[in-house]
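The structures come next, written out as C-alpha cells.
Below, subunit A partners subunit B and then partners subunit C, in two separate complexes.
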Partner chain A sequence: MTDLAARLDRLRGDAPARNHDARTIAALTTNPGCGRRGLMDAAGIDKDAVARYLGFPAPFGQSQFAIARGNAFEKQVKDDGFAELFTLLRERLGLPVPQVAIESLDEVGGNHGSELRHAQTRRALARALAGDGSTLFDHPLLRLDIAGQPAYLEPDVLAFRLGDKFYVIEIKSFAIIDGQADPEQVAAAARQSAVYVLALRRLLTQLGHPATAVSHEVILVCPENFSNQPAAAFVDVRKQLSVIERQLSRISRIDDLVAALPEEMTFELGDGLASAIRAVEARYAPDCVSSCELAFFCRDEARACGSTDLLGIAVRDDVGGVETLATALGLADGSLAPSPEQVEIAAKLRLARLLRAQALEGVA
Partner chain B sequence: MSTLTALARIEAARTGSAQPLATVRHCHLGEQPLVLIPLKLSGEAAAPLAAMVGTARKDPALLVVAQPRNRDLRFGFAAELAALVLSYVESRQAGTETVPTKDGEGRQRYSDAPQVLVPNPGGITFLRLLGRSTRFRRIDGPYPVEASVPLLGRWLTWLCDRAEQPGSSVLMPMTSMLAGHWATGQSTFEDANLGALLGWLDPPEGMTGPQAALRAEDPLLCPPAGPTTDPGFDNEELAPLLAAYDRAPADQARMAATDRLRRALRRQLEPTWELMWRSIELLRALPEGAHVTGRWEGDRESFTHFAEGVPEGFPQAKRDSAVAAARRLIRLERAQDELDVQRALDDPLVMAEHRLTGEAFAGIVVAAQPDRLDTTGKTPKLRPYLQVRTSDPLRVADGDTVHNAGRKGQKALVVDVNAGTVLLELSSGMGRKRVAEPGSVPEVGDRVCFTTFAADFHRSPVLPPLEQTPWTHGGPPEAYVPGDDEAVAYPPTAADALEVWE
Partner chain C sequence: MRESPESLEQRIAGLRSAVRRALAGGDRTAARALRAELRAAEDSWERAVLGGGDPKPVLLPVREQVHHALSLLGVPAAPKLIVAVHDAFFSGELASSRLTSLRRDEERSFRSAPYSRPYYLCAALTADLLAPARGLLVISTWPLPTRIVGPYSPRADFLTSAIRVAEHTLRTGAGGDAVRPLLWRFAANIPGAAGDHPHDADPRRLLTAATAELEVHTGKDTEQRRQAADRARRQLGDVEQLFGARLAAAARAQNGRLP
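Coming up: the complex of A and B.
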C-alpha cells in the first residue's frame, strides 16, 4: 500500500470505501476544480453520511417508482439472454450482430471486491481481444486514474464487442418521444458514458490495443414514446471525451491536496469533522446541488462569507469576477477604492447603480 | 444576464429581500387565468398522478389517478381534465370584435383568449407530453377514448406551441414570470423552485427572504411544485396508498382508499396552489406595460385562428417538416427581437440595461432648432436639430441612426458626438408639413431617450414550397400513406393507438 493510499484510508477512517458511481462522475465532470469533492471521492468517503452528520442532508431521495421503472426496463432489455437488445442492435442500428456470448462481471465467485472484479474484467476483455472470448460484458468494473489516484467506476453499462470494435451500451429509462429525448438527460448520459469510454480505452491501451478500438459512439437504449418498447440510438461522445480528458489533466492532484493537510486529519464522523472539511477548499457553484451530497454544506459556507459564487457563475462573470458581495456593493457605491484591475468593473458597477436608481425613481 | 441584473441580485443577497427588475408588468394577466398544477408519477414520461385546476382561488378542482399504471384510469383523468380545460376554452369565446380586412367586410376575432398558468417550465413540458399522448387517441376501434380526450390533446398542443413564442401569455410558468420581474439573492438554479423564489419576494411575517427560501426547500414543509413529486412522499405516503388501492377487495374499500389518496395529494398540491395565487397578486400589483395589449392581441389572433380550424382539422403533426420548422424559427426569432425592443420601450429599468451597454442613451435637451430646414436638396426638408446632454456611456458615432424611445417612428441622425453631448438631426415622426406638428419635436429641458434599435419591419424570407425542400433538409417530406407508421399527421396509426402510456 502506498503512502498516499494509506493517508486516504486514514481520512476515510473505519467506514467502507465507496466506488465512483454515476453521481460522483457527474460531479467530477461538471465541477472538476473542486478539491474538497475530489479528495473525498478519491478517499471513497460516504459524502451522504458526512452531509447528514453535519446537519446538511443531501436532497437526493430516489422515488421507488423511478427505481422500479428503471429496473423493470433494464430487466426487460436484458431478459431472455438480452433478446430485445440484440434485436434492436440488428434492426434499428443495422449492426451485423453474430452469435453472442454473454459474460456477467458483477462478481467473482460471490466476491464483490473492486480489485478482484477489475482484474476479472481485464482478463475477460483480454480474452475477447485475443478472439476467443465473449462479446457482451455486463457490469464491467473499470478503473480510471483520477487526480493521480486510481478510481474504480461502477458503471451500470454493458461493453459490447463487434469484430474488433467495442461499444459502450447504456440503458436508461427516460423516454425517447418522436425521436427526441429530454436534452438534459441525454447530455448527462453522454457525459457519463464518455467517462466509461475513456476508462475502457485506457484499459485496452494497457492490453496493447489502440484506444480507437473503443468506439466514440455509445449506444443509448431507452423506452420509446409512451410504451415499454426499447429503442436504441447512437450518441457521439467525442466532444464529451475531449472535455473530460482536459478536465482530468487539469484537476488538482490528490497527493498535493493531501500533502497540505495535517498528518492526523480524518473525515471520520465526529466532533472535528466540520473543521476538517473546511480545511480543504471547495469550489461551490449553485448546480452542485444536483450532483454533490455536500452541496448544502458548501452553500452555507459560501453564504457565511458572502461569496458571489452563491449567485452562480453568470452573476460572478457580470461583476468581473469580484469575489464577495460586499466588495461588489462597495465598488458600486464608491465606498471602496478599486484595485488597478477593478477600475473598469468599478466604473461599470457605479454606472449600473446610478441607472437603476434613476429608473426606479421614475426619472428615466 | 447583465451587470445591472447582477447588481440587483447582489443587492438582494445583501439586504435579504428581492429587488425589482421591472417597473411594469411585461405579460398579460387576464381577469380569469386558469391555474393548473399537474403532478406525474416519478420515473414515467407522462403518466399523470394528479392535478389541481381552477380559475378561483377558493375553489380548486382536484383530479386524481388512483392507480397511474392503469390505462383506463389515466384516460379517465384525461377526460376529467378535458371537461375543465375545454369548458374554460369555450368560456373565452364568449365575445368577439370585428377586425377590418382589405375587402372591407371585416372578420371576427375573440376578444379574449385562454390563459393557463403552471408553476414552472416542467409543467409545460408535462402538458406538452400529455398533449402528445392524447391528441392521436381514437374514439373508436381498439382502446377507444372519450371524444374530449383527443380534443384536449390538440388544445394542450396549441397552448404549448404558443408558449414557445416569446411574449405570448397563453401558457406561462410562474417561476419565469416572477423571475422576469424581480431579482432574488439566490441563483437562477434555486429560483426554479417556486416556493423558494416566492420566499424571497414575499416572505412570511417575521422572516427574511433567505430564511423563507430555506424553509421552502424542505419538502415536508413545502412540497415541490411538481410535476415530479417529492421522493420522500412517493416512498412513505404514495406507495402505501397506491398499494392499498390495489389491494382493496370491493368497491367500498376502493372508494375509501381513493379518498385517502385524494387527501394525501391535496396536501401535496394545496401549498403550491396558494403560492400560485400569491404570485398572481404580486404580478397584478404591477401596472401593465404599454405593449402588452398588442402582444395579447397576437395571442387572441392565434386563438381565433386555431379555434376556427378545430372542428375540421387534424391533430398537429409529431414533427414539423423542414419548411414549417424554418418558418417557425423565423417567427420565434422575430417575436424575441420585438419583445426585447418593446420591453425596453415600456420600462425604464429595462432601458437602463441598454443604456449601460451604450445601445441607448438618455439625457436632457439643452438646445434645439425645431424649425431648421435642410435646403441642400431640390425641396427644403424639415430637419430639426437637438442637442442632448447625457452622462451615459456613448457608443454612437457620427452618421448613426437612432430612434426616439418616447415617440414611435421618430428617427434621428447623429451629427456630432462631443464629451457628453450629442447633436441629433431629426428626420421623421414630425408630420408631413414643413413645420413640425405641435409636440412632435422635443423641447429644451425635456428628458429624452434614444436607442440604436427599433421594432423594425422585417420582410419574410421566401421559403421553397414543400415539394421543393432541398436535400440538405431531408428532401420533400413523404406524403401520407395510410397504415404507414412514419406518417406524420392523421389518422393515427395502429401503433399510436397501442401506445400504452407508461
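Coming up: the complex of A and C.
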C-alpha cells in the first residue's frame, strides 16, 4: 500500500494533492469504468489544472447565485436555534420534545483544522452512542480512506439521532413542488449523501457499533412548492451506497492500473502530459461533461477517433463490438463486410438503416 | 434662516403663475427651472407647517440600540433576531451590517481601557471550550451562566426570547404590523403557539406554549450552564471571561494538551 502511495505521489509530481470531497467521490460513481478518472483522483491530481494546461478548460463550478440561494436557505432553516428544522422533525418523525440539544462541530474554539474537528466529531458521536449526547450535530467532519489517503468530507450536512438510529440530513435549496423535485438534483443529492452515510457508518464501526445504526434513508430538507417553507423528504440511498462501496474497493485495486504504466511516467504539467494521459484508458460518455473536469479533453479524443462513446452509454452498448462510427455506418450500408462476430450487429444496423429510409420517405 | 409659512405661500402662488406663463409662452427650459423652485418651496412649506419631513436622525449609537434589544430578550441572541426585535419595538434604524464589527470593537475597547464603560457587548461562550460562540451577542453585565451556551441553550434561549417578547407585547400593549411578524416567527415553531394564520399570532397563547416547552428543557440547560460557568471562573482571566478563550491560549495553559 505504501508502495502504491509512493507511486501515486510520483504520478502527481510536485503539485499539491487535492483532497477528495463528497462531490468528487460521488462523481466517481457516475462513470465507474473510467480508469483515467479513477487513477487521477486516487493520485490527488488537480484535474482542472491539467485540463487547463492541455487547452480544454472546463467551465466548472456552481453558479454564484445558486450558492447564495443555498446558503440563505440553510441559514433560514438553522436560524433561532434550528427552530424550523425542529418543527419539521417533530411533525414528520415524531421527535420527542425534550430532544433539542445541538452540537456545533464547525470549529473547535476558533480553530478550523480538519484533524481537530474530526476528533471533536468522534468525541461528540461517542458521547451520543453512550446515551448521553446531543440530537443534532451541525457540520460533523467525517473521513473516508481512499487509496490510503484520508479524505475529509466537506461538511454541509447534519447528523441527527433519533432513538438509537442516526440519520444524515442534507439541506438543499431546490424546491419540492407537489411532492416532486427535479430528479437530476435529487439523484445528485442522493449520491453525495450516500458518501456521508458511508463515512458515518465507518466512524460508528470504528467506535464499536454496528454500521446499521446509520439509516440508509437520508433526510432531504428543501423548500416546499413556491415558498421558503422547508419540507422534509426521505431518500433511500441503498443503491448509491452499494455503488460507492464497490467504487471505493475498486480504487484500492488501482495498483493494477498503476502496474501497467511505465515506471517513470508522471502527470506533472509539462510536455509529456498529453501522451501520459492518453496512456491511461478513459471511457468517455456525454454525462462526463457535467461531472469531470477532463471531459472536454476526453470528448476531443473520442471525436478524433470517431468512437461510438460519443453517442452515449446506451448507444455504445447497443452496438457492442463496433468501435467507431465509421465502422457502424459502413456495416449499415453494406460497404463493409462484417467479420464473423459482427454479423448479428450488422444485420441490426442494416435494419435500422432501412427503417430510417422508410420513415424519411413517409415524411417526404 | 427659515421663511415664514405666509411668505412661502405668497412665493408659491407667484411661482405657480410664473410656471403657467412660461409654459404658455413656450419657454420649456425656464418652466422646468421654475417648477423645481416651486417644488422646493412647497417642501419647505410642508416642513414649516407640518413639522418633521426630514429623516429622523439616529439618536442612539449602535451599541445602545443593541443593548436595548438584548436587554429585552435577556438571553444570547443572533444579530438577525436583535435587528428584528429592534424594528418591532424601538424607533430609529438598525442595520444588521453595522453589527458585524461591533464585537471586535468592544473587545479592543475593553483591552485598552478595562471596565471604563458601564457595559460591553461580547460574544456568548461555548460550554465545552469556553470559546467565543459564533454570531451570538450578550451583554457583559449578565451573570456568567447566562452568557454561556450549551447544547440545550439554542432551544432554551429561543423559548426564553419568545416569552420575553410576548411579555413585552402584553405589557406595552404594542401591536400591529411591526410586532406581528416577530410574534409569528416564534409562534410558528413552538408547539401549540400558532393559530391557523399569521394574523392570529396571539402573545398570550405564545407565552403559555413557550413556557410549557421551556419547562421541559430548563433543568438540563441551567445545570450545564452553571457547571461551565464554574469552570470558566476557575480557568479564565477577566478578559477571557468576557470575550472567550481561544483554543491556542487554552492549549498553552494546559501544557499543550487539548482541553
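Please note the rule applied: the second predicted complex is superposed on the first by the 275 of 364 C-alpha atoms of A that agree within 3 Å, B and C clash if a C-alpha of one lies under 4 Å from a C-alpha of the other, contacts with A are read in each partner's own complex, and residues count from 1 in each chain.
Everything that follows uses one rule, which is that a contact is a pair of C-beta atoms (placed from the backbone, for glycine too) under 8 Å apart; a residue touches a chain by one contact, two chains touch by 3 or more.
Note that the coordinates shown come from a computational prediction; the quantities given were computed from them, not determined experimentally.
Of the two partner chains placed by superposition, A:Ser215 touches none, neither subunit B nor subunit C. Annotation for subunit A, partner touching more residues between subunit B and subunit C: B. Using the contact criterion defined above for the overlaid structures, shared-chain residue A:Gln192 touches neither subunit B nor subunit C, since it reaches no partner. Within the superposed three-chain model, A:Pro98 lies in touch with subunit C and out of touch with subunit B [touch as defined at top].
After overlaying the two complexes on the shared chain, residue contacts for A:Pro286 are found with subunit B alone; subunit C is out of touch. Judged by the touch definition given at the top, the superposed model places A:Ala326 against subunit B, while subunit C stays out of reach. Of the two partner chains, subunit C is the only one touched by A:Ser134; subunit B is not. When both complexes are overlaid on chain A, the residue A:Thr87 reaches subunit C alone and has no touch with subunit B. In the superposed model, A:Asn31 makes contact with neither subunit B nor subunit C. In the superposition on chain A, no subunit A position is in contact with subunit B in one complex as well as with subunit C in the other. On the subunit C side of its complex with subunit A, the touching residues are 78, 80-81, 126, 129, 131-134, 150-158, 161, 185-186, 188-189, 191, 213, 216-217, 220, 245-248, 250, 258-259. Chain contact summary for the complex, subunit A toward subunit B: residues 59, 61-70, 173-175, 177-179, 182, 223, 225-228, 286-287, 289, 303, 306, 308, 310-312, 314-315, 318-319, 325-326, 328-329, 332, 348-349, 351-356, 358-360, 362-364.
Only residues 79-84, 86-87, 90, 97-98, 100-104, 107-111, 116, 119, 134 of subunit A touch subunit C when the two sit together in their complex.
Every residue of subunit B that touches subunit A in the complex is listed here, in rising order: 1-11, 13-14, 20, 23, 41-46, 125, 129, 132-133, 185-190, 210, 217, 228-232, 234-235, 238-239, 318-319, 348-349, 351-352, 355-356, 362, 391-393, 447, 449, 498-502.
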